[in-house]
Amino acid sequence: MSQRAFLELRSVACRYGNTQVLEDIDLNIERGEFVALLGSSGCGKTTLLRVLAGFVTPSSGSVSVRRREVTHLPPDKRGMALVFQSYALWPHMTVAQNIGYGLKLKKVQRSEIDSRVAAMQSLLGLDGLGARKPAALSGGQRQRVALGRALAVDPEILLLDEPLSNLDARIRLSVRHELRALQKRLGITAVHVTHDREEAMVMADRIVILNAGRIAQQGTPEDVYNRPASAFVAAFMGAENVISLNGAPQGSDFLIEAGPSNAAGRVALMGRDLAQGVVEARFRPEAAQIHPAETAVVGPGVTLEGEIAAVSYPGGHWRHAVHVGDREIMADASRAFGPGERVRVHVPADALFLFNSPGSQPANTISRVLPGKVHA
Amino acid sequence: MSQRAFLELRSVACRYGNTQVLEDIDLNIERGEFVALLGSSGCGKTTLLRVLAGFVTPSSGSVSVRRREVTHLPPDKRGMALVFQSYALWPHMTVAQNIGYGLKLKKVQRSEIDSRVAAMQSLLGLDGLGARKPAALSGGQRQRVALGRALAVDPEILLLDEPLSNLDARIRLSVRHELRALQKRLGITAVHVTHDREEAMVMADRIVILNAGRIAQQGTPEDVYNRPASAFVAAFMGAENVISLNGAPQGSDFLIEAGPSNAAGRVALMGRDLAQGVVEARFRPEAAQIHPAETAVVGPGVTLEGEIAAVSYPGGHWRHAVHVGDREIMADASRAFGPGERVRVHVPADALFLFNSPGSQPANTISRVLPGKVHA
Amino acid sequence: MSKRLLGLLLVLPALAVIAALFILPLIMSAVGAFRVEGGAFGLDNFAKTFDLYTKDIIFTVVIVSLSTVLIGIGAVAIGGYLTLGENPKAVAILRWLYRWPMFIPFIVVGQILRTFLSKNGMMNNTAVSLGLITPLDAVSFLDWRGIVIAFVWKQTPFVALLVAGAMASINRDTIEAARNLGASKLRLLFEIIVPQVAVTLTVGLILSFVTMMSVLSVPLMINAQSPTMLTADIAFRVNAYGDYGVANALGLVSLVLASSVAWIYLRQSLKERA
Amino acid sequence: MMTTASSSRSLLAALWWVPRGIVFGLMAFFIFGPLANLVLWTVAEKWYFPYSLPLEYGFSSWAKVFAPRGGALDSLRNSLVVAVLTVIVSLILAIPAGYALARLKLPLRSAILLAFLIPQAFPNLTVYVNVARIFYEIGLNGTIPGVVLVHVSHGLVYAVWIATAAFSAIDTELEQAARVTGAGALRAFFDITLPLAAPGLMASAIFVFLESLDEFTGSYFVGAPDVNMLPLLLYTTASGGNYQIASITALLLLIPSLVFMLIVERFLKADVLSRVGH
Amino acid sequence: AELTVATAGDQNMVDYINQYLGPLFEKANPGDTVRAVGTGPGDAGSQKILERFDAQAAADSKVWDVDVAVVHEKFAGPMVQKGYLEKYRGNIETGKLVTRGNAKNALGSDVDGYVMPMFNSQTAIAYNPALVPNPPKSYAELAEWAKANPKQFGYNGIKGGASGVSFVMGWVYAFGGGDANNLMTGPFKQDETTKWDGAFKSLADFTKNATLTPGNAGTLDLLSRGEIAMGPVWVDMFYSWQANGQLPPEMKLVLPAPGMPGQPMHYVVPQKSGNKALAEKFIALATSPEVQAEGIVKRFNWYPGIDANFVKPKLDEATWNKLFVDITPEDLANNGKPFPIAPYNTAILEAYEKSVK
């Protein structure tokens, strides 16, 4: 048998009763790696962590931790720390006791525990709350205690299940930073479940995207962000705008035919395997540029013609809903265009994700997002 | 007494035991308004909602709902729906029963309930889960059930306590949209607690920022975003970069003196009341432009000189940590600069927030963010 | 309506039943404890009580306390296994097994344990026939040990049932969180699970304590030696002498003992609520 | 390799049955040993030293218990009726009381809880004369309601204390969620709090039931001779040393208890017991 | 009408009324029914009947719910003194057949006319002939035997029932150092109670060497299980255990000198019974020589309540002799004693409580 990875899932499948949750998961994580796990709500992220931690026995496949097969090893023997999505704080212990419990288990000295707990509290902005019971904390404070409890033991392997979801942006940034610094300094191997795309991009060495219990793509943040392997991944990584184009490969390029609401264009194939015919084109609102209708647009990519339907201000730039043919797309601009104004929307070649689509229906399994309706 | 607002808190204060949580809150919310409530974790947002809902009796002040004083009215007489931060799903009821309970209370017909519940489920992407108990749901699914339970009754007043924190970006967008559409269509008055700045900006008619139990600022999203009233609000709205500058008002402008690492500059006062001396300048990473050191920078604002310390890729642009004097700031650029490279960072006048600061210490009460360390 | 008033209104019916059916008659009879010969009031009965029965009072407290401790340990062990046991078959077996004694009335407990525990009882007989001991080694347990065994035998399932129910309803995640940090089963049980069911456990133990204080048949049928339990003394005072004065004094002593245990708990829980 | 690993695992799992078997065996012996004694006595015609098993078996004692004038069946029926009524009345009284004690701010809360303890804590022999006297005066003596009331005063301690514990274990937020959804206090109680407290309440129902089935002194003073209860027979035979009849009576009492328990468990599906996080 | 009979004592008392006497009475009085309520064995059973009367008296009930009660001798006195009872013996035929003194004076109280003995019972020492081939004939021998055979003698102290009490009374009769007859017949003299120190000291020593058994039934139980070889028991209980198959048939009884107490169970009728006439009829039947012979002697091996001379003719020789297999009529005559009168009884018990621990 070949050398195992530090953490390894080998064709793991998993079910709750009749509900198949994970299927055929193969995942290797190296020592010291920081892996972000992304996926729609309910796709099995928590379950995957629970398989790693040993609370769920996979219905098939094997798990190995530290290069040892542990599929049937009980959780307390696996030496991992898990931050529970539901926090799972011990209601009968104070904040300090919750955080210090893991150290107590390791028979660390009383005074040492106290100082470690104090450090953890101040790291997480929990100073002064040490003597409170979890019931007397706010939601975000509870979440930080849960995080502190896992971090306090300096775990070799850290599993994080949306540990920052209830924190405000500022403290989230700071905790994110501390977490990453700690992880690097101590060489912690971390698997981090998050719904925050930016968080995953900034923190992770590798991003793993789960879709309906299977791995849809894994790779570096740039990879996943810029070279999504499927329409699902593209959509999941924010390329919510979708339009259908006709085109055909030509040499190292893909030629886009002019259509009712788009000009002809050309995009480098860059190794993508696209067949002639209808392609689904996906792009991010922030990658599109809006120009007044009369402006000539240059550069590779595709140019769409449309009419501004609505404008909103999410901060920093203006977000426009644009009618393009029978679709509505979102595009940002640094100035606001008026509703009804006719515009050209240019999507640069490197921001345009093309997929041969079976129909022209977008890959949209779990969420009910109607394309083009994602605006306020 | 003057005409009351639809929802009104009048100098409300509130405490848990010895912990003072809210102080002197005055808030008027009009019928059909969508108010986003932002604030650091633990600042009292949940408490404020609980005061409105009637679970917490304020220690002083009065609450009125629908222009009627209700300070001592029990929760069920207030005609509100609340989405709990902790979900508070009823474990003995199925998803469908949880969602349909409010309708059952209203004596809606069985068949009507069923169809409303089904509609709510499909709106929230919960199809097929109707017969499950909450224990058999994922975290995000639970959160959606909690939301569905509140929405199902078509409440006149809706209180939302971080209802989307555990949802992935896609479904969050879709639910956000549906929520806002529903709110507009039915004229619901909503108070929405969130940690997601963009969510608040996009959804709300008004943003209220809470700091340590007091209202720090309230206003339209643009107002709060572009004209923060205090260093705290600026920081909270993402202007995490902070530097100290010297300057003095001159006519309608504020003249910034050249310093060890900044060139002289000029910023329109625009009604701001700035005194001569040290000012705290705050700006957002995405508002700063990085130029090579040799480039001449034009336009109003301030120009800083520094050296690239680190680069990261949060998607779409490159984020740089830049050493400026003894500080570190973050700035984005569409291309990556190499570490060690000397650069100029230009902050346009309208993106620069200036405050007279007591010391040069940034206003930083609750989170432990060290300035300039907020990066990965 | 104020919360206090509403609260009082809700407890009132139950309180009225107790007051009318027990406390009132109790007062009618308990004043007898302070009545000395000739109908005047005094503490003679208490003097006699402590003179004759101090040893029995201590005996009772020790026996009942010891039993309570053992019951607590047994109940926690059973509840813990039912909650943490990994083999579903073993858990099912235990669940089926442990409850039986609960259904046996105390008086029958006395009878069957008398025949089970005595020197030539079934326990020793079985041990002898299995060759574990010789007939000469057989000892009778029909003394204080018999009482303790009878109490533990009958009351453990009662507390275990309560405790196991409470344990089943604690949040599993909190258990998993501790396992995840490497807590052994034993630590899980004592540091995570038991504290979370502490209220139920204590309530069960107090109810047991109080029940055992009032059982007459077990001491009568298993151990009539001296010292014996207060209930036996009370029955004896009444039946042999028709002496309600001392009997009621003994009753008050027993009431004070039981209440003080409950009081300690109530004070503790009051502190936690505050 | 996989197969050897899994087979060694299953071997280990099988080996675990050895200590488990020993522990369960011992437990079973200590639980069923005395019970076996009981069952043997029900059919023993002759049993004495040095025989470790009965010398003769037969059903003559059963015949005695069920003799036409023995009234055992009658007593059994009375006992059951009284026990069921006692459970119902106790729960009706204890549920509001337990709720108030758990949730509402009550003056003298501890004193109230202690009051419920008194009937169990004070040896009741001396009290029942007075209870009987009161009941004679108001004509409750010798009636089923009278006996039920007396049993209720004893059962309430279980019902109230356990109900209090059960109610205070429920997250108040669940109740608040119902209130804010528009349920009045009463409705929220019946739809949310009560079902969630049900396991505890049912446990208390079992104890009240058992307490009532076993109660003797009160039954005699208040019930007999018009309402005879099975424990009277049990008490007389057991303390007189008539093991056969006592054992049969105990067995007769055991059956309704078990049936009651099974019904209660049926009614409480396992999932009621599990609660969701937070 | 329905006649309610409350009876203290073991289940066999209830059975006796339910299975035997009741049907007999109902056959003789068509339309009337009898129901029996057992209140538990030993003094506690009688105490409960007394308390029931107390309660009804205190409640001023017009008609009491018990028509006939069967109580221990000890409780007849208090009931008469409290005025609860009907003086009925003169009204019934069989009243004249009662000759023993215990029907007139119950432990020092005058109960003449208020009670009719249902039967007489006696305590004696039961022993296992296999282990004790030569049973001790007197308390002195007994004490010696017990010293030689530690833990082989068992009795139930004074809190577990009257057989132990009876043994203690016998001990005081034997070693009390005072006038035993005065204890039995009165009148009560305070200085008599000071003479027992020696007796209790020796009893305390004796008890250390003995096994204490849990109750009347406990003594029989340990005997049947071979854990003790000897112990005081009620004769009627002894026989009913044997009849139940709970006691080896070889076991025997001996009544040591100077004697052990016995006592009758009395039929009494509450003054406020609603069925006085019927109650008297019932008692008349129950104390008729035929019933005493058939029910009391033949079925239960009890000593008859009425004069034995009226009963003996109704029985065959063999049945009659069964009563006296172990204890001869002479033994009974010489060593069958009453209990001490109530004040002495109390004094002895309290002295025992103080000195034997």
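As written, the chain order gives the labels A, B, C, D and E, with residue 1 at the start of each chain.
Definition applied: contacts are C-beta pairs under 8 Å (C-beta built on N, C-alpha and C of every residue); 3 or more make two chains touch, one makes a residue touch a chain.
Because the structure is a prediction, the values reported are computed rather than measured.
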{"item": "Smallest count of steps, each to a touching chain, taking chain B to chain C", "value": "2"}
{"item": "Of A-C and C-D, whichever chain pair has more C-beta contact pairs", "value": "C-D"}
{"item": "Geometric centre distance via CA averages, chain B-chain A, whole Å", "value": "21"}
{"item": "Chain centre separation (chain A, chain D; CA means) in Å", "value": "55"}
{"item": "Chain C-chain E separation of Cα centroids, rounded to whole Å", "value": "36"}
{"item": "Chain B and chain E, separation of their C-alpha mean positions in angstrom", "value": "91"}
{"item": "Multi-chain contact residues (two or more partners), chain E", "value": "42, 215, 217-218, 221, 225-227"}
{"item": "Contacts with 2+ other chains: residues of chain B", "value": "86"}
{"item": "Where chain D touches two or more other chains at once, by residue number", "value": "49-50, 128-130, 133-134, 235, 239, 243, 274-278"}
{"item": "List of chain A residues in touch with chain B within their complex", "value": "16, 19, 38-42, 45-46, 85-86, 122-125, 136-141, 143-144, 161-162, 165-174, 176-177, 180, 195-198, 201-203, 221-222, 225, 235-238, 240, 284, 286-287, 312-316, 319, 366-370, 373-376"}
{"item": "Of chain C, residues touching chain E in the complex", "value": "52, 55, 114-115, 118-121, 140, 142, 220-228, 232-233, 235-236, 238-242"}
{"item": "Of all residues in chain A, those that touch chain C in their complex", "value": "53, 55, 74-77, 79-82, 84, 86-93, 101-102, 105-106, 149-150, 153"}
{"item": "Of chain E, residues touching chain D in the complex", "value": "4, 6, 9-12, 14-15, 18-19, 22-23, 35, 37-42, 45, 48, 51-52, 54-56, 58-61, 65-66, 215-218, 220-221, 224-227, 237, 240-241, 244-248"}
{"item": "Interface residues, chain C side, partner chain D - complex", "value": "3-4, 6-8, 10-11, 13-15, 17-19, 21-26, 28-29, 32, 87, 90, 93-94, 97-113, 115-116, 120, 122-123, 125-126, 129, 153, 158, 161-162, 165-166, 168-173, 199-200, 203, 206-207, 210-211, 213-214, 216-217, 220-221, 230-231, 234-235, 238, 244, 247-248, 250-252, 254-255, 257-259, 262-263, 266-267, 270"}
